[in-house]
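Below are two complexes that have chain A in common, paired first with chain B and then with chain C.
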Partner chain A sequence: MDKKQAYKKVAYYPGCALEGSGHGYNRSTKELGKKLGLELEEVKNWNCCGAMEVKNIDPKIQTYLSSRVMSIAANEMGHDVVMAPCNGCYHNLKKAEYDLTNDEGSREVTERLSSKAGHQTYQAGQVETIHALDWIKDAIGEEELAKRVKGGLKGLKIANYYGCMYTRPRHIFPEKDQGPGSESTSAPHFMDDLLAAAGAENVDFALKTACCGGAHTLSDKDTSTKLVVNILKAAEEAGAEVIATECPTCHAGLEMHQVRAEKEFGIKTNVKMMYFTQLLGVALGLSPRKVGILENASDGRAALKARQIA
Partner chain B sequence: MPIHEKNLIRPENLSTHENLVIDGVDVSGDWSTFIKSRVVTDYNDDMQDEIAALPGGEFIHRCWQCGSCTNSCTVNALDPEFNPRHWIYLIRMGFEDELVRDKDLIWQCVSCNKCTYACPRDVVPEGVMKATAHWLELKGHTPKSPSTEFDEEFSSQVFRTGKIEDGRVMMNFFRRTGQPLLQPWLIAFVRRMIAGLPVSWLMKMGWATVFHPRTKGWGPAREAIEEYAKEMELKHLAAVKGASPEARFDPAK
Partner chain C sequence: MRSLVAIEEWIEEWTPEAATASGAAAPQEMLGAAEAVVEHWLVAHEKAPTLDTYEGFRLLALHRQAAKGDPSFNACRETCREAAYRYNLAQAPSTPEAWRANLATMRRVVQHLVYFVGGKLRNAQLGEFCCASRPIRNPAGEDFVTNGEVA
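Presenting the complex of A and B:
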């Protein structure tokens, strides 16, 4: 498949978080697509993928929820690629694809729930699910991105943070770890590649795939605060001015617990969080307002101004 | 000594004598400390099967105790007492009392999937931790953990309307767990977040919290999911001996 062509127009699955705390990610993803001439068609009347929670009630309900989104994209809209910017959504759609390919029980439950819900049952292989990183990387690529960049990121020091759900567990991402050009599950680099092409200086950051405690952001606050402080401090020690994110749960977790660490434990950190789509948007000449940087709780405008980026 | 026997040398299992003479030999000092002999009679032979019958626990039988899960564990790095390998061992051996000692830790698994990534036997230790936490609640060893309360609040919203809304999940979760909504750090966070927000977004978010966003035409899907979820919950209750029906997930709550 010619990915460059196939990803020019994709079904867009924002998910619940991008309509709430992750609105800056939603806005910047759409603006970035527009700027780069990539077309996004939102999945009609989508539902929640099940996130990190429904699987603990029953994993097959989660498979069904994710399959419904893919079924609408494939059967009602005629798409063969679904792009999900949220790590949780992306992970769950991939997991559903894996389970529907390999597990008879999951197929049976999905069939039962789909027919009762009154829509076509999703069949494994009908769509390819991709992350927003795959979308920009394959539809545009570093070379073309570097050509289109206006102003660029001027050596802004960035720690790239990918979190858990983008790479783990390996078996649900058969396209990863396939040698040159593919994403690595142990040392992911797609975001590093894109931001470097946009003029950033990526710092050597060991906690790229560490956990922020996102699943327990509210239910086990102290654990989450400790995990987040580790990440923020490691990024600062590596010299980062900004942590680039590609997941709304990680992003919100880092922001919330940065504030909590300061208010409840007196641990102050200054590194700012920005979605990679916001950074790429700014590098391409979009205003910080347009890509929703004002909407982040950690306001990174000063960091951009200091380097005369925007 | 095999590492999995370390639970036998907790302080209460040690017997120390100031002055001790055995067979005419004075062994006072280091030699006077003994580990009490312990004959295990309280096996729960059903424990592994019961946990395997709960979501996530299916593959516990595959474990060969290599310890890759604990070695890669996010929570273990913060608290060495959080030890998935050890718990899987206890479950497979049927040491219920030993497992129950850690009832307040097991639910703290953050589902980062590092263990599942590292496991050479596809045990899915992350799932086993969730199933074990669920089992402890069903058996009445512990009330529902904050994590379970969160999962249930979140899932019932999804079942009802097809979607969740951040603000509403948070408010209802705090209500369920008896926490105040106005926590100082949270107020500081929300202040920072709304400081840069366009008014239109603010209104949209407030609107969404009050008037829950829904997936159109979700009714039949809701019915199908809730019917299936109920069947599964009854199946889980039946699988665990002496399970308390109170601990069941009820999406209507």
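Presenting the complex of A and C:
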């Protein structure tokens, strides 16, 4: 089965962030799927993927936790594709797949804990884990998306920020860097491609995968703020009105430190953050409210209104 | 060698007008600052910074040296490569406006490197919690760690 068909109905693993701070991402992903005629079936009784806390204590336990999600999707729901829009979840499921393929110790721990928990052990290769970007790119594609756009993004200038966990470390993403048509780990472009098809103008943004210091936001918040402000300024200097995101942690980090930079250091930046699913939803004629733009801390409605997008 | 603080101050105060005043030397100044940042990291870890080049750039050779045994340093692999790319762009024929805009972008890239490496020197675990995670109870290499790629 080709990807276009295979991705029409997928198991949906929202993960914890999309039920909390990333609620707008959850809402817009579901609305976008509906609008495009794609079906999401949420993984039943899903658990934490093990990001990042468990992984840093015992990576094999994280592998087990991620494998349980994939096991439910494959063995209890009959799916062979799991779509995870959160970079952390996506990364962890990919890492688990890699570990289970390559490390006997990880397989042993997963086997033991699965049997203890009373569910079938996940076997490497049973499912393919994809990101929301792969989902839209392969199930719909730019050509089809451009045809379905209503109004579009009218040249809205966008800097696409992919964050770190979508591409690093490279070896857990064997499908990337495979030449034309595949995603690149050093210069990712799937989000750029989709938003351009929806009428946006992507700016030349050099910090697409730069570390935002997100995980250190509590222990060393000044470094995180500096890293984020630099990302925001780089986007603004490139002419961006909006930074498109595809990770709830990145999104929250950019929003939080934008506010903190102004309050603590008097550094003001005006660029707005929106999930790429929100931008595509608006381009397809959905209202900002429907795709959760009002739930973002960074209110991008004025940027959309200025271009008569919504 | 300039201190990291001095490099940070220099880059924060940098303006496109300053680049114009430096003329053709401006991209090299920026690249030199990036090299000095990674040199600081290596010296702090008791390594002699290499004088070799990789793909024509000493910065890329320094990054490879720094990333050996420290997967979290891969977080700035793309940053170093982007700085090299911007340096190359600055050598190509372009309008003065495009040349300054490219230098301004290169400045942000190098500034990221200054903050990331500076942050790692204060808190070595920066970058080890997400894309280059490392089990906190196990030193590198002792366990099966999937994030041990080298640049």
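Please note the rule applied: the second predicted complex is superposed on the first by the 309 of 310 C-alpha atoms of A that agree within 3 Å, B and C clash if a C-alpha of one lies under 4 Å from a C-alpha of the other, contacts with A are read in each partner's own complex, and residues count from 1 in each chain.
By definition in this document, contacts are C-beta pairs under 8 Å (C-beta built on N, C-alpha and C of every residue); 3 or more make two chains touch, one makes a residue touch a chain.
As the structure is a computational prediction, the values presented were derived from the model and not from experiment.
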Superposed partners chain B and chain C on chain A - clash or fit: clash
Partner chain in contact with A:Ala117 - chain B first, chain C second, else both or neither: first
Touching partner for A:Asp99 - first (chain B), second (chain C), both, neither: second
Partner chain(s) touched by A:Asn47 [first = chain B, second = chain C, both, neither]: first
Partner chain in contact with A:Glu264 - chain B first, chain C second, else both or neither: first
Partner chain(s) touched by A:Cys211 [first = chain B, second = chain C, both, neither]: both
Chain B versus chain C as contact partner of A:Ser298, first or second or both or neither: first
Contacts of A:Ile61 with chain B and chain C, given as first, second, both or neither: first
Which partner reaches more residues of chain A (counting touched residues only), chain B or chain C: B
First (chain B), second (chain C), both or neither touched by A:Ser184: neither
Partner chain(s) touched by A:Lys226 [first = chain B, second = chain C, both, neither]: both
Overlap of chain C and chain B interfaces on chain A (superposed complexes): 52, 55-60, 164-165, 168-170, 210-211, 213-216, 219-220, 223, 226-227
Touching residues (chain side chain A, partner chain C) in the complex: 52, 55-60, 88, 91, 95, 98-99, 102-103, 105-106, 164-165, 168-172, 186, 204, 206-211, 213-216, 219-220, 223, 226-227, 230-231, 233-234, 237-238
Chain C - residues contacting chain A, complex: 71, 74-79, 81-82, 86, 101, 104-106, 108-109, 111-112, 115-116, 118-119, 122-123, 125-137, 143-149
Residues of chain B touching chain A in the complex: 55-56, 74-75, 78, 108, 110-114, 116-117, 127, 130, 134, 145-152, 154-155, 158, 162-167, 170, 173-174, 177, 184-186, 188-189, 192-193, 195-198, 201, 205, 208, 213, 215-218, 220-221, 223-225, 227-229, 232, 249
In the complex, chain A residues that touch chain B: 16-17, 19-21, 23, 45-48, 50-61, 64-65, 68, 109, 112-113, 116-118, 164-165, 167-170, 185, 210-211, 213-216, 218-220, 223-224, 226-227, 255-256, 259-260, 262-264, 293-299
